[in-house]
Structures are given as structure tokens and as C-alpha cells.
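As written, the chains take the letters A, B, C and D, and residue 1 is the first residue of each chain.
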Amino acid sequence: MTVTLGHYLALASVLFTTGAVGFLVRRNALVALMSIELMLNAVNLTLVAANRWQPSMVPAGAEPATPEALAAAAGYASQSAIAHHGQVFAFFVIAVAAAEAAVGLAIVLAFYRLRKTIRTDAADTLKG
Amino acid sequence: MNTSRHLLSVLVWFPALAALATLFIPRQAPKVMRAWAVGSSLFLFGQSLQLLIGSTHSVQARGFRFVEDHAWIPSLGIRYHLAVDGISLWLVLLTTFLTPLTLYVSFGTIRNKQKEFIAAMLLLQSAMIGAFVSLDLFLFYVFWELMLVPMFLIIGVFGGRNAVYAAVKFFLYTFAGSVGMLLAILYMVSRYKGLTGNYSFDYLDLLRLAFPLSTEKWLFLAFAVAFAVKVPMFPLHTWLPDAHTEAPTGGSIILAAVMLKLGTYGFLRFGFGLFPFASHWIGPTVAILACVGILYGALVAWRQHDFKKLVAYSSVSHLGFVMLGLTARTPAGLSGAILQMVNHGISTGALFLLVGVLYDRRHTRDVGEFGGLAKVMPWYAAVFVVVTMSSIGLPGTNGFIGEFLVITGSFTSDLLRVSYRCMVQGDGSRQCEVASIGPLFAMLASFGVVVGAVYMLEVVQKVFFGPNRNPKNAHLPDLNPREWTGLVPLLAMIFAVGLFPTYFRARIDPACESFLAVYNARRTAIAQNQREEPWLLDEALLTPPPPAGPQGPAGGHP
Amino acid sequence: MPSSKVELVAFGLLSLLAVGSAVATISYRSAIRCAVGLFFHILSLAGLYMTLSAHFLAAVQLIVYVGAVVVLFVFVIMLLGPAADAPDDGAGRTPRWLGSGAAVCVGALSAMVVLSYRPERVLRPPSYGTLREVGGYLFGPAVLPFELASVLLTAAVVGAFAVARGHHDKVRLATGLGPDANNPLPSDQAPAAEDGEGPSGGRS
Amino acid sequence: MIQTLAPLAPILLMAFGAVALMLIDAFQDEEGGLAMPAALVHFVAGSTALLLWKRGLPLDSGLLHGYLVIDKTSLFLDAVIGLGGGLASLLAGGYLHEHKLERGEYYPLLGFASCGAMMLVSASDTLMLFVALETMSLGVYAMTGYRRTSARALEAALKYFLLGSFAAALLLAGAALLYTVTGHTDFAGIAQALHPTGEQPPDPFLVDKARISILAMLLILAALAFKVGAVPFHMWVPDTYEGAPTSTTAYMSVVVKTAAFGVFLRLMLTVFGDAGSASSAAGWPALMAWVAVLTMTVGNLAALVQTSVKRMLAYSSIAHAGYLLVGVVLAPRGGGVGAVAVASVLFYLLAYTVSNVGAFGALMLAGRRGAEAVSFDDLAGLGKRHPWAAFALTFFLLSLTGVPPTAGFFGKFYIVRTALDSGLGLLAAIVVVNSAVSAYYYLGVIVKMFMKDPAPGATRAQPMASGTIFFTLVGAALGVLYLGLLPERVLSLALAAAERAAP
């Protein structure tokens, strides 16, 4: 048995769901934030794995093609060697996740200062 | 200033600009403000008299005059198309005639926020004139909706104790009533586009559309609801007594005298004009509702103790006459209905004014509070009696002409009929026996006249000639100069229409005839050629026969 | 390139670790333990990236996530003290089991959908996933999003600053005399306690 | 160099403008006073977009690499964002000063958020979409929690942030799945790979790919529905709108909504614009039609029972999102209908921008520090205390109601007409019935202001005086009247902008 893209994707689904459940169940704002990080990481795993299995005109077992040929085959007329879209995407997700965490933690901190708690259900003075 | 080339634009926009200008007059100068309001509306009245002058700058096509037709939003086929014909002419004049009177009279009672009142009244005038003279349905809808806001403010801000309730009820009834109309307009335009490849909201273009009866019924109903709310027709009238009772005198006058006419006008111009076959189909029903309205309004008015409610219900009754005249679709019925619109404007306006006079003095509108006023306020009593005579249609006053024409019109109508004993023929068509029921409606309406006379006279008897039980009534001052100024023009009009009806009918009848000519031509064409899908009518159908001479009395009236 | 068996074992172990640490992250009551769970989760993902020959990304994952994000979390947890371990008791306004049940269903469904998708693995040159390649791409075609990311980071810094800084607040934190916790609406009901001036300064 | 950067001019101006605002703030001695420069940056960026439009297409200089598309749609929306953002910063100038919140960070944040919004409406790549969305959102999260001493503001920020990040994660998951099956992140590439034209070699994973792409579409739809505030992902809207400082609410309600609808249209039309996924019987338009009906109905019904004016406006903005969704539903139709539908959405966004900025601005003007206009009761008798503020609020609320001749009426008219033209009479009827319902709660405000006196001892809003807000309102009012009375010019712009976007 070999590891296929399907396995990675299924793993990512499980991780994403774990994050989503954590987000929905936990009332601790910090843990909710961490759950979001879990979800983003699961997405990253999908992206990186999908990048690895990028469909290509080169069948398995054939001569390793030149980077340019691979890039051209994948439909990218770029100067960069191999299509790294998935990895680059993941890179940006990591960067954004860090920024998001910074703002999120700032909000949590400020919230804590006023309410002395970080329970999300303490945020209930605004009623629907 | 020669404004006749753009006369209608002046009539529509000048009040709005005057309203805007009013907002910048400082509150510390109330006299300037009042002078400006009355002056500008009088100026407008003067301008509007030009409408009566011959046919300067007229376009004879289809009997519309003072035509202004420019592209407005070309990509959607929306035009700035204004025109008057004999149908809208008198209604515009009624508006310009009543607005200065109403403003002037209201200054006696409205002390706070005069600025807002003036601005709202002038804006309202703009919107009403705009709705009367628009021949583009989009433009018409814009003015139609625009009317709501100033009237809402006039009722709500300047009204009585329950004014807010009445104002909101008024707004929501009319706003909700007209959304269907918007949909129907858009549907027609969309079909027109499908048939011709062009968008057009123009009334004269949309007249070419013919629909299968089932579609036409829905479209007509969508329009009819909007108009019926405004008229108001039984059973959609419930907002009216509330609005009238709570509105200030000026608001009541304008509401009753002009705004309700937009409903009847809309019925005629757009409801009947655009959907001849559906209106033919629904004609008897409308006539029945109109008669129910006449009798119901009269009977309920009889039971009222609140003066304003009494007048409001009598309006329901009078507008029933108008609707009956319209549904008769005979030349006499139509011109009677239009005349009756103007008459009702004048006499109900005067009645509300008179009720307002009494209310200012006693701060009550309970009929039972009064008695024997003829001795205390002889002039007031005299004027009131004259207006009452006009309202119940005594010969010599305006009311007589209108009601008489409506009743004869519906009596002779061969369009009001019912079919019975239908048999399916061999070829699948249905053959029915047809009975004309016009005379029945004429009888019901005549009965309504009698009831109307009874309750009005009873009130007059009680209030002016009965015993005066309440000492507060003993020293009421008679009419003051301001009130006289408001009443004299109205009294003059009552007799002008009553004694010289030919002058007015000379302008109404040709328009009614050409309207009916187009109406009947379209009705026959649609009936003969029922299809599954909308189709276009021959343009030749829409050209009315050459108008009769301006002075020549139209045929078909007694 | 690792052989198939090694890869299978690595994948198995790392995915077990990933799932385990993810579950730990969302289930511990103590926030610091959750953070530790997140830490191990990130490590396991870095390992998975290695099995996918994404060397550069694995490094970035370690540097940014472990070096910045987790540290930030831990820092905030320390700052909050016991309040960081907010209990989960009490009924919330929303039925959370509903949402999470739906999430689990969707997740299971999507796992099933994606599991059957097994395209053939393609050969990659040895330079795949290296710093040189990914970096070249980043500064080549992807320069536009890269520059935008700098805008994003600046916005985040300014945003975090705008929400969390403040001289009055600092005093409050240091002295522990913040607005009364018993008063649920310290400032909205008493508008004088708005930023800048007023009794909020006097209170501290 | 100039040639290469020219297409990006509005975005670059916005970004550099925001950085410049930051620097000015850092080097000036006293805080505040940045509203005018911030508005200027927005207006300049917005008009640059229009200049670019005038200069003509094509606007790809080879720098964009498919990450961004600068076309007429995006330029139109850039202009709307510039206008909305500029007006909102002017409002902020008056509001923050009055409420002693004038700290320098607000305006750079606003600038960065607008920059993200402009990127968002140009984004044609899921990567760019995500980064731009986050840039915009992070700025707005911070602006929401800007009043740090208010528990409500922070609560709003916390809720908005957590739910927003959750939605972003969903969007990301969708994008990742699309990448998995297509190998592309750019919209055009994804569309091409999902629905190839011409002869294709047999693909053993065709069914799997189709399934996964549907999953991705649902995830993305959910995330976008969240961003535009559509039911059932609307719960954040009332809380956030109510808790945030009013200037932020004004900004959010116009710029964020515009950007979200812009990207919604582009993404759904390019990626899922094929005959299968965009089939009006079984594709996403059918789903969105239900969402649209639910959104406007729920929004309007909930707005009916509110006691807080801000919250009422929040629910009404949900309802407006519902009207806009009707345009989105029609957008994928062929035969010219699609272009008109997109144009109606674009026009509505502009009309909504001027009306809503005006409404929030008038609400700000109605209250001063410590006596803000929050509930309906606060507004009682405002017509007496401050007729101009009351008049302004009335005017803009009438535009939101859709009373002619205002921008709001024409926008709604245009959408209803498009729906009727394409045979969706029922949907059109639901829109007009809903707008009739909405008249009730908008009227409620007017009634309070002009026809009720405040109860003795009750709190009442004390109007403030602010030249900036006043002039913003005058500008917005002129815009409302212009769009309502003479919409032809803007309409033809919107149509031209829509031509390239629609199929």
C-alpha cells in the first residue's frame, strides 16, 4: 500500500473538522483562536499535498523532465522552475494566520481587560 | 414672462423649488414666509390659467396639449413626458386653485412649524400636479409615491392626538397598495420590449399593447388596488376616516379635494385606459362596489357624531358617484364623473374648512355639542347651508350637474351588463343572454342622493336651527376676514360650475369622447382577436377621431 | 526520496500525532495544555510537509508557527493568568452540538469524497520544494500577493496596536484596578469613562 | 515603469496613502486631524480608477500574472469604494473627535482596509482573494474594537473576528480543494480545468473531481454569504454593527459590502459560471435565490422589532443584501440579461453607499458624546431640537425605503425590473413586498423624530455640531438625488462595467 493524495486529503479533512468542532464547542476565546489555527493548518496540508500530486504531462516512471518543461506542461508560462502554487499559497496562509493571531490576541486581551474573562459567551450584552 | 412653452414643467417644479426656498427663510420672519407661500402659490395659479387659453403650443395628437416630451433615462426607455387633456386639465386647475386658499386659511390655525408646513404643502402640490400631467408611467409612479411623504408629515406632525397612527396607516396602506402597480408597469414594459425591441414607459406606447384576458385581469387588478386604496373604494377605505379626523384642516382639504382624485383619475387614465378588456370584465363589480360605497358612506355618515368623520364618510359616498360614472363608460357618465371630481374638491374642501372654523372656536367636533348656531353665527350658517346644498346636489349648484350626469350616464350605459343563461355552442363558443343593469345602478345611486340629502340636512338642522343647549356656543365669533377670504372663491366656484356648466364641459367632453373612442376601439380589437401571448395593436386604432369644435357640445348628453 | 514503506510509516506516525495533538488542542480545559497540543500539531505538520518534499515550507512552518504564533499564544496565556482557563460550563445561547454535529457530518462526508481521489504520483526534480525554487516563485510571478502581504502585516500591526495599546489601560493593568468586573457595562452606561479623559483616568 | 504600474494605480495610491497617513500620525505632535487627508486619499484613488477607465483597456501590463484583473467592473467598484471610504473617513473625522477617540491609528487602518477592498474587487486568484480579504478584514476588526474602553465594542470585535476568521478558513478550504482538483489558483485556470473545452483525454477521476468541486463551491458560497451578511450566516451583523463605533459601522456597511459583492460576482461568474453549476434550475443561482428570499425576509422581519436604531439599520442592511443577491442570482444568465443584472448590482451598491453613509452620518449628527442616538426613544423630538439632523436622517431613510426620486428607489427599481425581465416575477414580487414591509420600521424613526416628544426623564440624544459631518451629508444627499433623478450616466457606466463581467 502506498500513500496517496486521497490519504492526505482525508487526514486534512479530519483535522479541519477537528478544528471546526473545537471552534463551535469551546467557549474559551483562546481555544477558539487555536481551533482556527488548526483549520488553517489543515488547509495548508491540503495545499502542500495537492501541490505534490500536481497533474502533469509527465507520467510516473518517465525521465525526470526539466523544470521548464514541467512548468510549461502545467500551464504556467513563468520563469520560475516548477509550479509551486500550492506551497506558495500555504506560505501566504501561514503569514496571514500569524497576522490574524496577532490581531485576534489583541482583541482577546482588550476584551479581558474590560470583562475579566475570555469566555465568548460573556459577550452577550448585545442581544439579538 | 412667457412660460407657456414649458408651462407644465413650471407647474410641476415651481412649487418644489418654492418649498426648497421656504426652508431658507428664517423662522424669525414668519410674515415673509407666509407672504412667500401664498404669493408663490398664487403666482402658480395665475400661470395655470394659461392652460385654458386656446391651443397655444399644443400638439393635437390624441387630444393632449402642452406636450413636453424629452428623453430622461434613455437606456430604460423612460421619458419626461408631460401633457394635459380635458380630463386632467381641471384637476390641475383644482390643485393650483386650492393650494393658496388652503395655505392662507391654515395660517390661522397652524402656529408652530409653519415653515415645515408650507414646505410640505408646496412639495405635495408639486407631486400632485406631476402625477396628473405625467404620461410616462415611471414618471407617474415617481410622483405618485412622492406624494406620500409630505402628506405623511402633514398628518403626523400637524395632526391631532392619534395623528401618528393615522399617518402611518395612511402611508403603509398607500405604499403597500402601489407596489403591485410598480410590478405591473414593469411587466408591461418588459412585454413591450419583447414585442418591439425597445423599452418604453410611455403611456401612448403602452396603449399599443394587448394582453390575453387572463394576464390583463392581473395587471388591471394590480393597478386597481393602488388606485382603489387612494380613492378610497369600499372596502379599502378604512384609512380615510382616520387620516381625515387626525389631519389638520389644511391637510384634510388637500387630501379630500385633490389627493383622492388621483385615485379616480388613475382608474380612468391607466386602469381603464390600458386594460379595456379587463375593465369591461370587471366593470359590473366595480359598479357594485361603487354603489355599495355610495350607500355605505352615506349611511355611516348619518351615524357619525364627529363632524370630520361625517365629512370623510360623505367623501366615500361622493367618490362612489365618481367611480360609478367612470365605470359607466358613456360620454355623459365620464364627463359627469370628471365634473364630480372637481365639484367634490370644491364642496368638500369648503366643508372641511367650515368644520375647521368651528373646531378652532370650540376645539370639539362633536355634532351634539352644537345647536342654534344660526343666531350666533349667521354668516357662517348661511355659507354652511350653501355648501351643504352643493354637496347634496341641489340644482343651481355644482353638485347637481355632476350627479345628474353620472346617473344618466350609468342609466344609459350599455357596457354595464350581466350575462346569464350561457350555452356552449357547437363550435365551442359560449352564447349568453345579456341584460343591461345600468338602470339598477342609477336607481341605487339616486337612493344614495336621497340618503345624502337626509343626513346633511339633519346635521344642518341640528347645528344651526336646533335648540342651543350649550352655553359655550352662545358667544362664538362669526367668520373672520381670513376665513372669508378662503370661502368666497369656493362659493364662487360652486355657483360658477352650477350655473355655467357648459364652459367646463366644453373642455371635458371632447377629451372624454376621444378617450372613449380609443377605449372602445381597443376593447373591440382585443375581444375579436384573443391570443395566448401579448401582441401589438394597430397604431391606427389609437388615433381618436378629429376632436369636435372647442365650443361644440358633445353629443350623447341630455 | 524515501521509499514507499518508509513513507507509509512516516505518514502513519505523523498523522496519528497530528490527529492526536489536534484533539488535545480542542479538548484540554487548561489553555496552556491546548497550546502545547497546538505546538505538537504544528511539529507533526512540519513532518508531513517533509514527507511531501516541501522542505522550505516545513522550515517556515517551524519558524513562523512555533517561533511566533505559539509563542504569542503562550505569552497571552501567561498574561491572562488563571482567566485563560475559562471553563466551558453553562449553557450557551446557541445549541453548539448542532453546529458541531453538522461540522462532523460535513467533515466525514468530505473525507469520504476526497479519499477516493487518488491520482498518480508524478515525479518531481530534486529541486522541488527547496528554498531556491519557492523563493524564486515568490519573488517572481507572485510578487504582487507578496507585496500585498506586507500591506496586510502592516495593517495587522497597526490594528493590534490600535486595539491593545493605551496609556490609561496600562495603568489599569499594572495596578489591577480596571473597571469593576461586577459592572457588566463599565463604559457604555457611563459614557464619561470613554477614552482619553474623564473618570476612567481618575478611577485608576 | 509607469506603464507597468499604471493599472495598479488606485490600489497603490491607497496603500501608499495609508502608509503616509501612518507616518503623518507618527510625526505630528497631537493626535487626530487625519480625516481630511484620509478622505483625500480615498477620493484620489477612486477618481484615479475612473481616469484609468477613460484611458482605456487593456490594463494588464504583465505584472499582474493573473492575480489581479483590472477591468471596468473592478474600476467601477474601486470608485465606489473610494467614494464610500472617503465619505466614511469624513464621518469618522466628526465622530471620533466628538467622542474623544481621535487617535491616529484609525485612518491608516481605514486606508489599509480600503486597499484590501480594492484588491478584493480585482482579485482573480484564490490566493489573492484570501490575502486581500484578510487585509480588509483585519483592518475592520481593529476598527470595530477601536473603542477599547467599551465592552460592547470589544464584544463586537471579538464576535466579528472569530466568526470572520472561521469564514475565511471555510473559504480557504474551498480554494484548497479547487486547487487540488485543478492545479490552479487563478479563477480562469480553475474554470478552464473544471470545464475544459475541446477534446480531452479520458479522466478517470472526473466524478471525484466534480464532487470535490461541488464541495468547494459550497464552502466558498458559505464564506461569501458570511461576508455579505446573508442568512443563515448573518448573525454577526447586528452585534457587530451595533457594538462598533458608528463611523466603523458606516464604513463596514458600505465598503465591506461593496467589496464582498464585487468578489462574489467575479468568483461565481468566472469559476462557477458554466452552464452546469450556474444553471438557474439546479445550480448555485437556484440556491442563492432561496438565500436571497430568506435574507431579505429575515432581515426585514427582525428589523421590525428592534429598539436600537443602529441594530435596526444592521438588520435593514441584511435585507439590502437580500435585494442585491437577487441581482447576483440573475447574473449568470446569458443573452444580455446577465450584464444588466450585474449592472443593477453595481448601481445598487453605489446607491446603497451614498444612502447608507448618509443615514449613519445623520445618526451620528443626532447625538453628542454622552447623549448618543442609540434607541428609537433617544430620537424622540429630534425634529424640534435639531431639524437639520432630523431632516437629513429622514431623507436618507426614505432613500433606503425606496421612495422616489432617490437613489435607493432607482436601485431597487432596476433590480426588480431585471428580475421581471428575466421572468422571475415571483422573486420581483417578494422584493417589492419586502420593501413595503421595510417602510414600516424606517417610518418608525421618522415618526419618533417628528411626531413624538421624549418621555419626561428619558434619555434623549443631544445633537452635535460638526462641519465635516454636515458637509459629508450634503455631499451624500446630492449623490442620492443625482442617482435618483439623473441615473442615466451612472447607469451606462455600470452597464459598460458589467459587460465584461457577465457571460
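What we mean here is this: contacts are C-beta pairs under 8 Å (C-beta built on N, C-alpha and C of every residue); 3 or more make two chains touch, one makes a residue touch a chain.
Keep in mind it's a predicted model, so treat the numbers as computed, not measured.
*Asks:* With centres defined by CA atoms only, which chain is the most remote from chain D?
*Replies:* Comparing chain centres, B lies farthest from chain D.
*Asks:* Kindly work out which chain lies most centrally, taking the average of its C-alpha atoms as its position.
*Replies:* D
*Asks:* Tell me which of A-D and B-D has more C-beta pairs in contact.
*Replies:* Result of the comparison of A-D and B-D: A-D.
*Asks:* Centroid from C-alpha atoms only, then distance chain B to chain C, rounded to Å. What do you get?
*Replies:* The computed centroid separation for chain B versus chain C comes out at 69 Å.
*Asks:* Can you give the whole-Å distance between the Cα centres of chain A and chain D?
*Replies:* It comes to 27 Å between the two C-alpha centres.
*Asks:* Determine the centre-to-centre distance between chain B and chain D, using the mean Cα coordinates as centres, and give it in whole Å.
*Replies:* Distance between chain centres: 43 Å.
*Asks:* Quick check on chain D: which residues sit in contact with 2+ other chains?
*Replies:* 65, 127, 131, 134, 138, 141-142, 145, 148-152, 154, 157, 177, 180
*Asks:* So which stretches of chain C touch two or more other chains?
*Replies:* 110, 114, 116-119, 141-142, 145, 149, 152, 155-156, 159-161, 163-164, 169, 179, 184-188 - these are the residues of chain C that touch more than one other chain.
*Asks:* Write out the stretch or stretches of chain B touching chain D in their complex.
*Replies:* 72-76, 116, 141-142, 145-146, 148-149, 152-153, 156-157, 163-164, 167-168, 171-172, 175-176, 179-180, 182-183, 186-187, 189-190, 193
*Asks:* Give every residue of chain C touching chain A within the complex, in rising order.
*Replies:* 4, 7-8, 11, 15, 18-19, 22-23, 25-27, 31, 34-35, 37-38, 41-42, 45, 48-49, 51-54, 56-57, 60-61, 64-65, 68-69, 72-73, 76-77, 79-80, 83-88, 90, 92-93, 96-97, 99-100, 103-104, 106-108, 110-111, 114-125, 127-129, 133-134, 136-138, 140-142, 145, 149, 152-153, 155-157, 159-161, 163-164, 169, 172-173, 178-179, 181, 184-188
*Asks:* Taking the complex as given, what residues does chain D use to touch chain B?
*Replies:* Contacts found on chain D: 383, 387, 398, 403-405, 409, 413-414, 416-417, 420-421, 425, 428-429, 432-433, 435-436, 439-440, 443, 446-447, 450-452, 487-488, 491-492, 495.
*Asks:* With touch defined as at the start, can you tell me which chain D residues reach chain A in the complex?
*Replies:* Touch residues, chain D against chain A: 65, 126-127, 130-131, 134, 138, 141-142, 145, 148-152, 154-159, 161-162, 165-166, 168-169, 172-173, 175-177, 179-180, 183-185, 189, 235, 238-239, 242-243.
*Asks:* For the complex, give me every residue of chain C touching chain D.
*Replies:* The contact residues of chain C facing chain D are 109-110, 113-114, 116-119, 141-145, 148-149, 151-152, 154-156, 158-164, 166, 168-169, 179, 184-188, 191-198, 200.
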